[in-house]
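A, B, C, D and E are the chain letters, set down in written order, and residue numbers restart from 1 in every chain.
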Amino acid sequence: MEIGLNHYLILSTILFAIGLVGVMRRKNLLLLFFATEILLNSVNIAFAAISHYYGDLTGQMFAFFVIAIAASEIAVGLGLLIVWYKRHGNIDLESMTSMRG
Amino acid sequence: MEKYLYIALFAPLVSSMFSALFTNTPKKQFVGIIASLLIFSAFVSSSILLTHILDGGDIVHVEMMTWMATGNLYIPFGFVVDQISVTMMMVVTLVSTIVHIYSIGYMDHDKGFNRFFAWLSAFVFSMMILVMSDNFAGLFIGWEGVGLCSWGLIGFWFHKEVATWAANEAFIMNRIADLGMLIGIFLVYWNTGSLQYDIAFPAMAHLDSATLTWMGIFLFIGAMGKSAQFPLHTWLADAMEGPTPVSALIHAATMVTAGVYLVIRSNELYDLIPHVGLFIASLGAFVALFAASMALVNRDMKRIIAYSTLSQLGYMFAAAGLGAYWVALFHLMAHAFFKALLFLGAGNVMHAMHDELDPFKMGGLKKVMKGTWIMMTIASLALAGIFPFAGFFSKDTILEAAFAEHHMVIYGVLLFTAGLTAFYSFRLVALIFHGEERYKIFGIHPHEAYKFMLIAMSPLLFLAMIAGIFQTPFFEMVEEILGATEYHIHSHATLLIMLVGTQMFVGLAILYAYKKYASWSSVPDGSSVIENSFIYKLLYNQYYIPYGYEEYIVKPYNELSAALWEVDKKVVDASVDGIASIFYSAGENTRDMQSGNLSTMLKWMVVGTVVLLSLAVVFGLAARYSGEIMSILSGLGV
Amino acid sequence: MLSPINVSLESLNLITLAPMLIPVVGALLILVIDIIKGGLDKSLYVVLSILFLALDFSALLDSAGIFSKDGIMLGVFDVMLVDGIAILAQFIIVATSILFIPLALTNKRFHEFSYPEFFALFLFMISGFQFMVASDNLILIFVGLETASLALYTLIAMHNRDKSFEAAIKYFTMGALAAGFYSFGAMVFYALTGSIEINQIATVLAANGYADIGYVLVGVVFMLASFGFKLSVVPFHTWTPDVYEGSSAAMAGYMSIVPKIAAFVVAMRIFEFLIHSGIAWLEVVLWVLVVVTMTAANVWALVQTDVKRMLAYSSVSHAGFVMAAILIGSTQSNSAMFLYWILFSFTNLGAFSMLWISRQKELPGYQKTDHSFEKFSGMIITSPMAAIIMAIFMLSLAGIPPFALFWGKIYMISSAVTGGYTVLALIMALNSAIAGYYYIKLIVYMFMKDPIVSNVDNNGKLYVANATLALKSIIGFAIIGTIFAFLAVDPLLEFITAFVYNSGY
Amino acid sequence: MLDHILSILIFFPALAGVMGFMIDKGSIRAYGVAVAFVEFALSLWLWFAFDSNVSGMQFMENIALIPSFGINYILGVDGISLFIIILAAFFTMIGIASLTETKNEKNMIITLLFLEMTMIGVFSALDAIVFYVFWELSLVPMLYIIGAWGGPMRIYASVKFFLYTFAGSLVMLVGMLFMAYFFYQATGTWSFAILDWYRLILPESFQLWLFAAFFVGFAIKVPMFPFHTWLPYAHGQAPTIGSVILAAILLKMGTYAFIRFSLPLFPDASVFFMYPIAVIAIIMIIYTAMVAYAQKDVKQVVAYSSVSHMGVIILGTFALNVEGITGSVFLMIAHGVVSGALFLLVGVIYDRRHTKLMSEFGGLAHVMPRYATIFGIMLMASVGMPLTINFVGEFLSLLGFYEQSHILTLLAGIAIVVGAIYMLTAYKKMFFGEVTKDENRNLPDVNKRELIALIPLAIITIWLGVYPKPVLEPINNSVEAVVQLMHNKSTTEEAKSRIPNVSGVVISKTSTREAH
Amino acid sequence: MFEAVAFYLFAFLTIAMFFITVTTSQALYALSALAAGMIFISAFFFILGADFLGAVQIIVYTGAVMALYAFGMMFFDTTREVKEKKGNKFIIVGLATLCAVIIVAIFAAPIVSDNMLSLYPALEGAGNTQSVGLVLFTKYLIPFEVAAIMLLVAMVAGIVLAGKKMDLSLTLLNAEEIEKMDEEINKKVLS
C-alpha cells in the first residue's frame, strides 16, 4: 500500500481539526495556546509532504517559517499571560469578560 | 364712462379700508357717515352708468390689468357694465347705501361699529367685483369675497358661539359649492380656451352637449351654494345670527342672489342645455315650496324672513331655469327691495324688543312702531304679490312663464307656494303688530327706531310699492342680451282668470293669517295639539335636515378625522418607527453574540469558517459531479 | 555538488527594500539609544520616529516615481513586489503613522509612551506592514503580518491596565487561530499549484481551468477566514470592539486604519484574480459577507453606550463597505477603496484623537466607561470648538457631504453601480442611514443635552484635558483634511487610479 | 460681481457665520440681522439683474471640482429657482429679526446663517452632486435647531427628521450615480451636470427605475403621504424659527427637485407615474386635512396643513403642462409665505402663553385684535381666498391638472373645503367666543418686533395675490422651457400627447395678448 | 511497506498525543503529550526527507518552545488539575464532526498534480540541508531576515511584557502619584 500525498493531507487535516477542537474547548489560556501550536504543526506536516511529493523545497520553507512564527507567538503570548497572571492570579479566559455587548 | 365704473367699483373698497383703519379704536360716528357717503357715490356712479345703458350707450368694458398669465391662460382684471351687471349694480349699491345709513343707527351702541363698516363695505366691493367682472375668474374672486365677508359679518359678534358656528357653517357650505364652481370654470377654460365671457360663451356653441351639461351642472352647483338651494340651504337660516342689516343686505338682497346672477349671466350656456334648465327650474320650484313650508311654523322672526328669501330664490331659479332670464332678474331686483325693507323693519322690531326674535312674544307693536308697521306690511304685501306692489309684477310673470312653457307642475307648485307666502308673511305681521301686547309679560319697553333710519328705509318702501312700473323699460333694456321672450298667455281670458284667481288665492291666505293670528294672546309653550302633530314638528325642525347633517355628516367627519389621526400615529408613523426599531432591537437582541468571552469569540470564528467550508464543499461537489447531477435531475423529469 | 551561485547586486533591485528598512533602522536606533542612556523623554522618541517615517515617506515617493516611470518592480529574487497598490498602501500606512505618533505627546502621562520600546515596536510594526503589502509571496506576507501583529499586540498591552491586557490577549489568541487558518489556506493553494506566489497560483489555476474548484474554494475559505479576522468581517470581527475599547483611543484609531489597509491590499491580491475568473460561489459569499458586515456592525453600533466602542463597530461597518471593492473588482472600485481609506484615515484618526484628548484617568460617577455618551453631554456649551470639530468628524463618518468620507462613499457606490451591483449599491447607501443614527446620537449628546454640572464649572476642561499643541495640530490637520477634502479628491483620484490601473487591478 | 453673485449669495452667509463666532453674545442679533439684510438685498439685486425674458439659466458659474469624475461646481438660476432663493433670504432675515429665543442666541444665529447657505445652495446648484451636498447639509443646521431649542420631544423629532430625510436622499444618491453612469455609457465622459443630463434621452424602463429612486428622496422631503410623519413631530417640537424655515423653504426643496430633476430627466416616467402620484397627492390633501382637523395643538394644525398644501403643489407639478407647473412653483412661494407667517403667528402666542393647545385659548380676538386680524389674513390666504397669494398657485395647479384628469381634480379640489374646515375651526377655537382663561385676559397684542416680521408677509400675501405677474412671468418662461424639453425628450406616444408642445402655443399666446 | 507502517504508526501516535493534549485536564499531561506529538511530527519530516526541518522541529519545539511552556506552567502554577468550565459540548462536537465530514469530502479524491512545476527542486546530489540553505539564502533571504526582525520583536515584546516595566502602571496613576514616583527614582539614582 503506497502512502500518497492524500494520506498526509488527511492526517494534517485531522490534526488541524483536533487543534480546532482544542481551541474551542480550552478555557485555560495556556492549554489553549497548546492547541494553536497543534494547528500550525498540522499544517507543517502537509507542507513537508507536498514538498516531498512535488520535489519542491518551497513547502519546507513555508514550514520552516511557520515554526519561526510559532516560536515568536509563544514568546509574546506567554508575556501577555504573565502580565495577566501577575494581576489576577489566573489565566482562565472566563475571567476576561469586562468588555462585552 | 370708465371713470364712473371705477368709482362704483372702488368707492366701497376705499370705504372698507378707511373704516378698517379704525377697527381697533372706539366707535367713531364719522366712520359710518363717510362709509355711507362713499357707498352712495358708488350708487350715483351706478345710476349714471344705468342711464348710459338705458340711453342705448355702448357696453362699458375695461381691462384694468393682468391678473394671471401663464401658458395659455390669460386672466385680466376686466370689468364690464352691460344691462345685466348694471341692474345688479343698481340693486347692490342702492340697498347697500340704505343699509349703511341704517346701520349707523342700528349699530349705534356696538363696540365693533367701525369694524362693522369695514366688513360691510368690503362686502359691497366684493359684490361689485362679482357682478362687474368680465370673466369667470373675476366672478370667482367676488364670489369668494362675498363668502369671506359673509363669514366676517355672520360671525360679527364673535363672542357668541352660535354666531361663529353659523359663520363657519356658511363659509364651509359655500366652499363645497365653490368647488363645483371651480370645476365648472376649469371645464370652461379647457374647452373654450378662455374664461372671458365674450370669448367663452360664443365658443360654447361648438361644444358637444355632454361637456356643456357638465359645465352647466358644475356652475349651477356653485350657484346652489351661494343661493342656498337645497340641499345646501341650512346655512342661510343659521346666518340670521348676524346683525340684521347684514341679513338685509347680504342674505336677502344681494349675495344670495349671486347664484341667480350666475345662471342669468350664463344664459347662453343654459340655453344650449334646456334639460339642465328644467332641472334648475324644478329644483327652484321645490325649494320655493320647501322653504315656504318651513316658514309656516317657525317662531323666529328673522328665520321666517330668511325662509321666505329662500323661497323667493326658488322662484328666481324656476324662472331662470325655464329660460325666462329677464323675469328672474326682474324678480331678483324687486325682491331685493321689499325683502331688504322687510329685514330692516325686522331689525327695528328687534331693536325695540331688545333682540327678542319670537313673534309670539311680541304683539300689538303697531301702537309704538307705526312707521315700521306700515313698512313691513307693505313689504309683506309686495312679497305676497298683491297688486300693485312690486311683487305682483315680478312674481306673476314667473307664474305666467311657467304656465306659458307648459310646465304645469312647476306652475302649480309655485302658485301654491304663493299662497303659503302670503300666509306666513301676514302671520308674522299679525303676530308682531296686532293682537295683545304680549311683550309686557317680559317687561320690555319697545320704542321706535331713529327717524333717520326710517327715512333711510323709505326709498325701499317707495320702490317696493312702485317697482312694477319699471317692468317694461327693464324688459326693453335687457332683451338685447337675455332674449326677448315675453311671456304672454295667448288667451286674454285665461290670463285674466289666472291673475284674478291668483290674487284671490293670495288674498284669502292673507285673511286667514290675519284671522288666525291677529288676536293671538298667549305664548305657545309646546303643549297644544298642533304643536305636537307630526307635520308641525317636521316643519319646525326643518325636516330634520340640520339634525341629519349634524348626525350623519359632521359627527362622522369628526370621528373619521380623529380616527385618521390615530391611523396616522399608530399605523403610518408606527410603521416608520417600527422599521427603525427593527434595526435597533435587532442590535439589542444580538449584541449578546459579543459576550466578551474569548471562547465564544473563537467559536464564532470556527463556525464562520465551517459554514463557509460546507458551502464550498457543496459547491465543489456540485461542480465536480455536475454531469451526474444533471442526468439524475433530468431522469427525475425536473 | 553545489556550485556557487552568482547573483548580481543589480538584479536584486535592493531599492525596493529601502522603504521597509528605514523604520527597522529607526527602531534599532531607538533601542540602542535606550541602552546607552535610559530615561530619556518621550518627545525624543516621537521626533525620531517622525523623522524616520518621513525618510520612509520620501523613499516611498522615490518608489512612486520609479513606478510611474517603469511600472511594477520586482526585487530580491522576485520576493518583493512593488506595484501601485503596494505603494499606495504604504503611503497610507506611513502617513497615518506620522499622524499617529505625535498623539503620544499627551498632557497626562500614559504608560506605553513612557518607554522607548513602544516606539521601537511601533516602527517594527510599520516595517512589517510594509513587507506585507509589498509582496505576493505568501511566506513573506505571513512573516510580515506576524511581525506587525506581534508588535501590535504588545503595543496594545503596553497601555497597561486590565482592559488593555484583556484586549491584547483576546486579539492575540484569535490572531493565533487566524494564523492557523492562513497557513492552512496557503497549504491548500500550495497543494493545488505547487507555488506560494499569488501570481503563480493564479497562472496555474487559470491554466488548468479551475479543474479542482472544490479545493480552490477550501483554500479560499481559509484565506477568507484569516483575512476576515484582520479586516473584521462578521463573524470574524468579534475581537474588534473589545480590542478597541481596551486599547487607548489613539491606538484604536490607528488600528482602525493601518492594519486594515495592509490586509485589504493582500486580500485584493488574493481574491481579485479569483473574482475575475468568475467563481460564482466567491461572488455570492463575498456579497453576503459584505452586506452582513456592513449591516450587522451598524446594527450593533446602534446600541452601544460607549463612543469608542461605537466607533469600533462603525469601523467594522466601514471595512465591510470597503470590502465591496474587492467584490466588485474593477479599477474604479479598487481606486475607490484607496480613496475611501485615505479619506477615512483622516476622519477616523481625527475622531479617535478627539476621544484621546478627552481621556481621563479617573472616571466620575456618571461615566461607566472611558468615553461613554454621557460624558459628552452639552459639550457645545462648555467646549464649543471641540464639540463642533467632533460633530464634523461624526458627520463625515456618516457620509454627510461635503465632508471627506462622502466623496469616498459616492465613488465607491458609483463603482458598485458601474459594476452592475445595483442592490449592493442600494444597501450600501441605506447602511449610511442606519449608521447616521449612532453618529447623530453623539451629536445629540453634544449639542442637545444639558451639560453635566461639574463640566460647566471647569469650563469644559475635561474635553481637552489631554490636549497639547501636538495633539491639537494633529486634530487641526485632520479637520482641515475632512472639511476641504473636496479640493483634494480630484488629484488623489487621478493619482490613485493611475497607480491602481498600472498595477493591473 | 454679477458673474459670481450666486457664489456670493451662497457663501456670504457662511463666511459671516464663521466670523460670527468672534462677535460678542450681546451684539450677535444685530450682526445677524445686518448680515441677513445684506444677503436679502443681494438676492433682490439678483432679481433686479435677472432677465425675465430669458427662459434658460442665468448667472451661470462653472468651476471644475472633480473633473475626472464629472463633478463640477455649477450654479445658475432660472425663473423657477429665483424666487425661492429670494424667499430663503427673506425668511432668514425676518426670522432673525423676529427671533425671540434668548437661550444660546449666538449659536442659533450662526446656525441660521449656515442654514441659509445650504438653502440657497440647493436652489442654485446645477450639478447633481453639488445639489446633493447642499441638500444633505441643510439637514444638519435644522437638526441642531430642532434638537437644541425644541420642545420636550425635540430629540426624537430632530433625529427622526434627520434620519428619515437622510435615508430617502441616499436612495436618491444612488439614482444620481446611476444617471451619471448612464450618461457615461452614452457619451464616454462622466458628468453630474444637470444641463448635460437634460440632453440624455433614456429608454422608458430606465426612466421608471430612476424616477422611483429620485422619488423616494424627494417624496420624503416634500413630504408626501405616507412619508410625512416626520413633519408633524419636527414642526411640533421645533422652535418658531425652525418651523418657519422648515415650512417655508426646506419643504420646497422636494417639490423644486421634482421640477428640476424628475420631470425633465424622465418625461416618460413622469407620465407613467402621473396618476399614482396624483392619487398620493389627493390622499395627502384630504387625509392630512382631516388629520389636521383632529389636532388639539394649533401648530400641528398648521403642520398638517402644510402637508395638505404640498399635495396641491405636487398635483400641479404633475399636471405636466405650463399652467400646472407654473402654478405649483408659484404655490411653493405662496405656501412659503403663508405657512411661514402662520408659524410665526403661532410662535407669537406661544411666546406669551407657552402652550400651543387650542383649548387653552379662546376669545383671543377680544384681547389681541391686531393679532387676530393678521392671523385672519393668513388664515384666509391659507384656505385659498382669491386675491391672496395662495389662490393664484392653487388655482393654477388645479386648473393645470384638470387637463389630465377631471375626476382626480375634483377630488383634489376638496382641498378648498377641508382646508376651510380645519382652519376655520382652529380659528374659531382660538379667537372666537368669550375669554375663558384668566391667563389670556391681559395678553399683550403683537409688538413691534413681531410686526416687523408679520407686516411684510401680510403685504406680500395680498400684493402677490392681486398682482402676481412680476413673479409669474419669469416662472412661466422657465416652465415653458421645461415643458418643451419634456415634450421633445419624451419617447412614448402617451407622453407626447400628455405633455403639450409649447412652441406652438407661445405664438398663439402672444396673439391673444395682443387681442386684449 | 516500511513507509506505510511508519506512516500509520506515527499518524496514530500524533493523533493520540494531540488528542490527549486537547482533552486532558492535567496540564502536565497536556504538555508532555504536546511535546511527544511534536517529536512524532518530526518523524514525518524525516520520512519525507526533510531532514533539516525535522531537526529544526525537535530543536525549536522540544527544546525551546516546550521549555518556555514548562517555565510558564511552573509560573502559573498549573501543574495541578485544570478546572475548566465545560462549554456547550454540542457545538464543539458538532463542529468537529462537520470538519471530519468535510475532510473526507475534500480529500477522498486525489489532487491532480500532473501539470505541477517544481519551482525550487531539491538539488540532485545535495543533502536536504544544503538545498534548504541554498533556497533560504537566495529566494527566501528577505523572509528570513524579516523573520529575524519578528523574533526581535517577540523578544522585545516578551521582555517588555514580562519584565518589571509593566509592574507599575503609569496609565492608572494620576499626575501627583507619577511625580512622587519620579522623585523616588531620582533619589535612588542620586543615593
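Methods note: a residue touches a chain if its C-beta (ideal position, glycine included) is under 8 Å from a C-beta of that chain, and two chains touch if they have at least 3 such contacts.
A quick note: this is a predicted structure, and the numbers were derived from the prediction, not measured.
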- Chains partitioned by contact, chain D not counted: one piece
- Which neighbours do chain B and chain C have in common? A, D, E
- Task: Kindly work out which chain lies most centrally, taking the average of its C-alpha atoms as its position.
- Result: D
- Message: As a test of understanding: of all chains, whose mean C-alpha position lies farthest from that of chain B?
- Response: E
- Note on the structure: The chain pair with the larger count of contacting C-beta pairs, comparing C-D against B-E, is C-D
- Task: Averaging only over C-alpha atoms, locate the centres of chain A and chain C and give their separation in whole Å.
- Result: 26
- Cα centre of chain D to Cα centre of chain E, whole Å, reads 69
- Task: Mind checking the centre-to-centre distance between chain B and chain D? Centres are C-alpha means, answer in whole Å.
- Result: 35
- Find every residue in chain C that makes contact with two or more other chains and list them. 139, 143, 146, 150, 153-154, 157, 169-170, 173, 177, 191, 194-195, 212, 214-215, 218, 241-242, 303, 437
- Query: Multi-chain contacts in chain D: which residues touch at least two other chains?
  - Reply: 163
- Note on the structure: Multi-chain contacts in chain E, i.e. residues touching at least two other chains, fall at 87, 91-92, 95, 99, 105-106, 111, 113, 116, 118-119, 139-140, 143, 147, 150, 153-154, 157, 159-161, 166
- Write out all the pairs of touching chains, ordered by chain label. A-B, A-C, A-E, B-C, B-D, B-E, C-D, C-E
- Query: Any idea which chain E residues touch chain B in the complex?
  - Reply: 87, 91-92, 95, 98-99, 102, 105-106, 109
- Note on the structure: In the complex, chain A touches chain C at residues 5, 9, 12, 16, 19, 23, 29, 32-33, 36, 39-40, 43, 46-47, 50, 54, 56, 58-59, 61-62, 65-66, 68-69, 72-73, 76-77, 79-81, 83-84, 87-88, 93, 96, 98-101
- Which part of chain E faces chain A closely enough to touch in the complex? 1, 3-4, 7, 11, 14-15, 18-19, 21-23, 27, 30-31, 34, 37-38, 41, 44-45, 48-50, 52-53, 56-57, 60-61, 64-65, 68-69, 72-73, 75-76, 78, 82, 84-85, 87, 91-92, 95-96, 99-100, 103, 106-107, 110-111, 113, 116, 118-122, 128, 131-132, 135-136, 139-140, 143, 147, 150-151, 153-155, 157-162, 166-167
- Message: List the residues on chain B that touch chain E in their complex, please.
- Response: 599, 603, 606-607, 610, 613-614, 617, 620-621, 624
- Seen from chain A, its contact residues with chain E in the complex are 1-11, 13-22, 24-28, 30-31, 33-35, 37-38, 41, 44-45, 48-49, 51-58, 60-61, 63-65, 67-76, 78-83, 85-86, 91-92, 94
